[in-house]
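Each of the next two complexes has chain A plus one other chain: chain B in the first, chain C in the second.
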Partner chain A sequence: MTELAQLLFQGVALGATYSLIALGFVVVFRASKVVNFAQTAMLLLGAYLVSWLAVDQGIAFAPAVLLAAVLLALGGIGFQAGVLRRVAGQEPFVLVMITLGAGIALIALVEAVFGPEQRPIGDPWAASAVSVGGVTLLWVKVWTIGVVVAALVAYFAFDRFSRYGLAIRATAADEEAAGAVGVPVRRVHMITWALAGVLATLGGVFLAGFPNAAHPTMGDAALRAFPAVILGGLESPIGAVVGGMVIGIVEVLAAGYAPAELGANFHAIAPYLVMMLVLLVRPYGLFGARPVERL
Partner chain B sequence: MTLLEVDDVTLRFGRVAALDGVSFTVAAGEFLAVIGPNGAGKSSLFNVLSRVYRPSSGAVRLAGEDLLALPARALAGRGVARSFQNLGLFGHLTALENVLVGRHHLMRAGVLAGGVMLGRARSEERTHRAAAREALAFVDAESAADTPVAVLPYGVQKRVELARCLAMEPRLLLLDEPVAGMDQGERAEITDLIHRLHAERALTVVLVEHDMGMVMRVAARIVVLDFGHVMASGTPAEVQADERVIRAYLGEPVEVAS
Partner chain C sequence: MRAARLMALTGVALVLPFVLSAAWLTTAVFVLVAAIAVTGLNVLTGYAGQISLGHAFFLAAGAYGAVALADAGLPSPFWIPAAGVIAAAFGALAGPLALRLSGLYLALVTLGLVFLGQHVLFNVASLSGGPEGREFPAVSVGSFDFAQDTLAIGPLLVEGNGLYYYLAAALLAATTLYARNLIRTRPGRAMVAVRERPAAAAVMGVDVARTKVVAFVVSSFFAGVSGALYASYVGFAQPGHWDVMLSIQYVAAIVVGGMGSVAGPLLGAVVIFALPSLLRELPFLGETGSGFSASELATIIYGFLIVAFLVAEPRGLVGIGERIRRAGTRMRASVPSSTGGVLTTKEERR
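Moving on, here comes the complex of A and B:
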């Protein structure tokens, strides 16, 4: 029982991180129909920026995270306005390839600047923990869950109640009509990329938290959030959160309980198995909407 | 006072002139309809006015300002609202949200203040929601406010779209065949609604329409297009009596052999 509670706690913490990463994919996809494969590289950059600011520059951890989030948001805006806008109207495939290429370049750049070694991100929690009823709660994971919940609440309030949230949803539904009724479509796209930057920074921080660190291949781990996106539905923020949770918990439970015959890395493929099973039953994901057919 | 001025507009697709030297003006508060048989250039003209097509030559001015220098997305801010022939609604959003989107350009709260709904952003939000509800009430679709528009009947969706146009607080309303694809009952209702929009909200309206009967009921002045030219213009009575218009719509009189 204690073991299950322990694993569930870790699963929820991992799932919370995946939810953030998945939401980063969804925010951009919803507005522009582009699967942003640079999201994992942005995450990597976010973690390294925090590491550089907090460890090398000696800025306190919280302001370092905030500053990195702002920088990455600006970077996202710059990439959207400077690159993607110029190829707007091209096949989505072209845009997707651009994000893929930009992501690869970004990862190479980070590695060239910071080297291939692991880097601490300067978080104040390290291995400190609190024990509750025999379950060890690492502070870094408690904070992960808390910050992610706060970020998700803020995001959903923004999406549901603010005028830009409404503008994003309108643009997602019909960009031409949105423009015709006065939605600043360009600004909407920039906002979604800024959001993606902030989400990537937070995701990167928690993915690089103890017992991990910032390292050049952490983007691969981030890509494991991708089944969460597919699972939830590419255009559904709620789906991203639920999908992220499911994938995180499945991964941790598989690591804890899967019989040895399945191999040591079964936990890494378990999320993809879940994704395939869900897609067999619901091709548009758990929360994805079937495209509306107009006759 | 002239609000809209279409000055010698020509639109070519390759060697075909969809519009050929089209000129007319619309006074503030006027209700002008553009009619014509299929292929006369009505849709081309609408797409020029709504900045979807750029004409090969000519000018379009709104209260003296060069409309062709503006991108389509700037029109709302200049007081131009349009409806779409096949509805330009956002399917998953509720009717109220659809109308509220039309007021985006009237809102002032910035991304951050508007994002966290602080102080002024919150009271601004309330004001705009009230205005959106009022617009829905005007088109008699208030009961649909919280329903996603995709599941509403077509006629109600058209009302929601018109409510959104109204909520944009435009100077000029461009309507693209608003009763296309409707049955007689719906046509009569939407025609009546458009008449009320013009009469009670003092909007300047340019209506592009195929349905002669509808146009005759609501428009004060009519421009008849044929093969990209302005064939006739005048009051409904004048246009109806025009030989050329009758020929274009009904064809040449034919001697019937006994």
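Moving on, here comes the complex of A and C:
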């Protein structure tokens, strides 16, 4: 029982991180119909920036995260305005491949600059933990859950109550109509990319938290957030959160309970198995709507 | 004109092994072997418009299918085509996914295939030798072994590298011919119709489901043959080789070469698969770990090429070639001639 509670706690913490990453995908996809394969690279860059600022430059951890988030948001805006705007409205293949191309180049660049070794990110929690009823709660995981919940609440409040939240929802519903009634569509696209940058930084920091560190293969871990997005449906922020949680818990439970016959590291592919099964039954995800096709 | 160009290309291809250094001949073999799989991906993505990040999975299916048959004692002339058939069978299994899913969802599921395949390879040591990898047998015809024996044609001696070169070149020529003819047949045109507008294709009587599965099967067949040849040529492979990055290289090749064209896959394969060898020649690049390594720089360039081509010239190198040709025609046409400078060439009337 204690073991299950322990695993569930870790699963929720991991799921919270995946939710954040998945939300980053959904925010961009909803507004501009671009599946951002570069999100994994942005995550990696975010973690390395924090590591560089906090460890190498000696900036305190919280300002370092903030600064990294701002830099990544600016980077996102630059990519949107400099590259994606020029191919707006093209078929999905083109958009997917552009973000994928930019993503692999960025990952290789980060690896070339920082080297293949693990890097600490300079977080203040390290391995400290608190024990509650026999269950060990790492502080970094507690903070992960806390910050993710706060970030999600902030995002949903922004989406629901602010002018730009409304503008994003209008653009998501119908870009042309939104533009016609005066929604600044270009600015909406830039805002969503800035949000993706901020979410990627936070996701990267928590993915690199104890017992992990910033390392080049983090992108692979981040790729496991894709099943979360698919599970939830690409257009649904709520779905992203639910999908992230499901995938996080499935992964941790698979790591804890999967029999040895399924092979080493079975937990790493469990999210993809879940995704494939779900897609065979519901081709547009659990929360996605089947697009209406007009002839 | 066309025939002359084809003859010239064939001539160059035939003498190349006698001109190139051993290192560059090796690169040429890699390019030709890869071009077979690129042509296959071009059928799936370029013709039928299905995004796949799972090409590495089908390459691996062919390679390990072939080695399983070779272990069972079957000869090369059997296991090379059989590798294609095994991969095609996996393609047929993946096909139903494509029926349920479109575009982005399909890209992600094919990505999942790569992870699943690698998981199996890492864990089934009897097939793959485990994480350390295993050896693959060389191609042999009868008692003639491609890796050890030398073929003498009159005064000309062809050894290992050259033999694989000619084998790969012949298979690539057959693949290209097939792809060129496919696009002129009913199934090929059905693929293009499905790419352009599935609903309209269905209305015109195209069996969309069948067409997608056929595209997957054809594409996987060539991937399988290519994978088996690659593993046999190198003589060794680790499960880690067949990863997502490998899939992305094939996608980069069709994007750079020109999607949906006949010459595109070969051009793209030359650029993408010769690049690492070219970069290794650069003096200022160190080994992995310290600063920029050749493989990291190659990855950065792949990424940049994908973005640059899709933004500036989505038709790839073939598109650039067409532009140059058209500009040449325009210049010639603008010179006052017997027709009084009236634009009469076919290109100009478009």
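Throughout what follows, the second predicted complex is superposed on the first by the 291 of 295 C-alpha atoms of A that agree within 3 Å, B and C clash if a C-alpha of one lies under 4 Å from a C-alpha of the other, contacts with A are read in each partner's own complex, and residues count from 1 in each chain.
FYI, a contact is a pair of C-beta atoms (placed from the backbone, for glycine too) under 8 Å apart; a residue touches a chain by one contact, two chains touch by 3 or more.
Treat the numbers as computed from the prediction; the structure is a model and nothing was measured.
**Student:** After aligning the two structures on chain A, examine chain B and chain C and state clash or fit.
**Tutor:** Aligned on chain A, chain C fits beside chain B.
**Student:** Once the shared chain is lined up, is A:G146 touching chain B (first), chain C (second), both, or neither of them?
**Tutor:** After superposition on chain A, A:G146 lies in contact with neither partner.
**Student:** Which angle, as a multiple of 10 degrees, do chain B and chain C span at the CA centre of chain A?
**Tutor:** With chain A as the vertex, chain B and chain C sit 90 degrees apart.
**Student:** In the superposed arrangement, which partner chain does A:A167 touch: chain B (first), chain C (second), both, or neither?
**Tutor:** first
**Student:** If we overlay the two complexes on their shared chain A, which of chain B and chain C does A:P120 touch? Say first, second, both or neither.
**Tutor:** The answer is neither, since A:P120 touches no partner chain.
**Student:** Looking at the overlay, what does A:E176 touch: chain B (first), chain C (second), both, or neither?
**Tutor:** In the superposition, A:E176 contacts chain B only.
**Student:** Count the residues of chain A touched by chain B and by chain C, then name the partner with the higher count.
**Tutor:** Looking at chain B versus chain C, the one contacting more residues of chain A is C.
**Student:** Per the contact definition in the header, classify A:G134: touching chain B only (first), chain C only (second), both, or neither.
**Tutor:** neither
**Student:** Quick check on the superposed pair: does A:V35 touch chain B, chain C, both, or neither? Answer first, second, both or neither.
**Tutor:** A:V35 sits against chain C, while chain B stays out of touch.
**Student:** Between chain B and chain C, what minimal C-alpha to C-alpha distance in angstrom results from the superposition?
**Tutor:** Taking the overlay as described at the top, chain B lies 13 Å from chain C at its nearest C-alpha.
**Student:** Under the touch definition given earlier, write down the residues of chain A that touch chain B in their complex.
**Tutor:** The contact residues of chain A facing chain B are 154, 157-158, 161-167, 169-170, 173-174, 176-187, 191, 289, 292, 294.
**Student:** Can you tell me which positions in chain C touch chain A when the two form their complex?
**Tutor:** Touching chain A from chain C are residues 45, 49, 51, 97, 100-101, 103-105, 107-109, 111-112, 115-116, 119-120, 122-124, 199-200, 203, 244-245, 248, 251-252, 255, 288-293, 296-297, 299-307, 310-311, 314.
**Student:** Which of the residues in chain B end up touching chain A in this complex?
**Tutor:** 50, 72-73, 75-77, 81-82, 84, 86, 88-93, 97-98, 100-102, 104-105, 107, 109, 111, 114-117, 121, 125, 128, 150, 164, 168
**Student:** Mind pulling up the chain A residues that touch chain C in the complex?
**Tutor:** Touching chain C: residues 35, 83, 86-87, 90, 92-94, 96-98, 100-109, 111-112, 115-116, 223, 226-227, 230, 234, 263-266, 268-269, 272-273, 275-276, 279-280, 283-284, 293, 295 of chain A.
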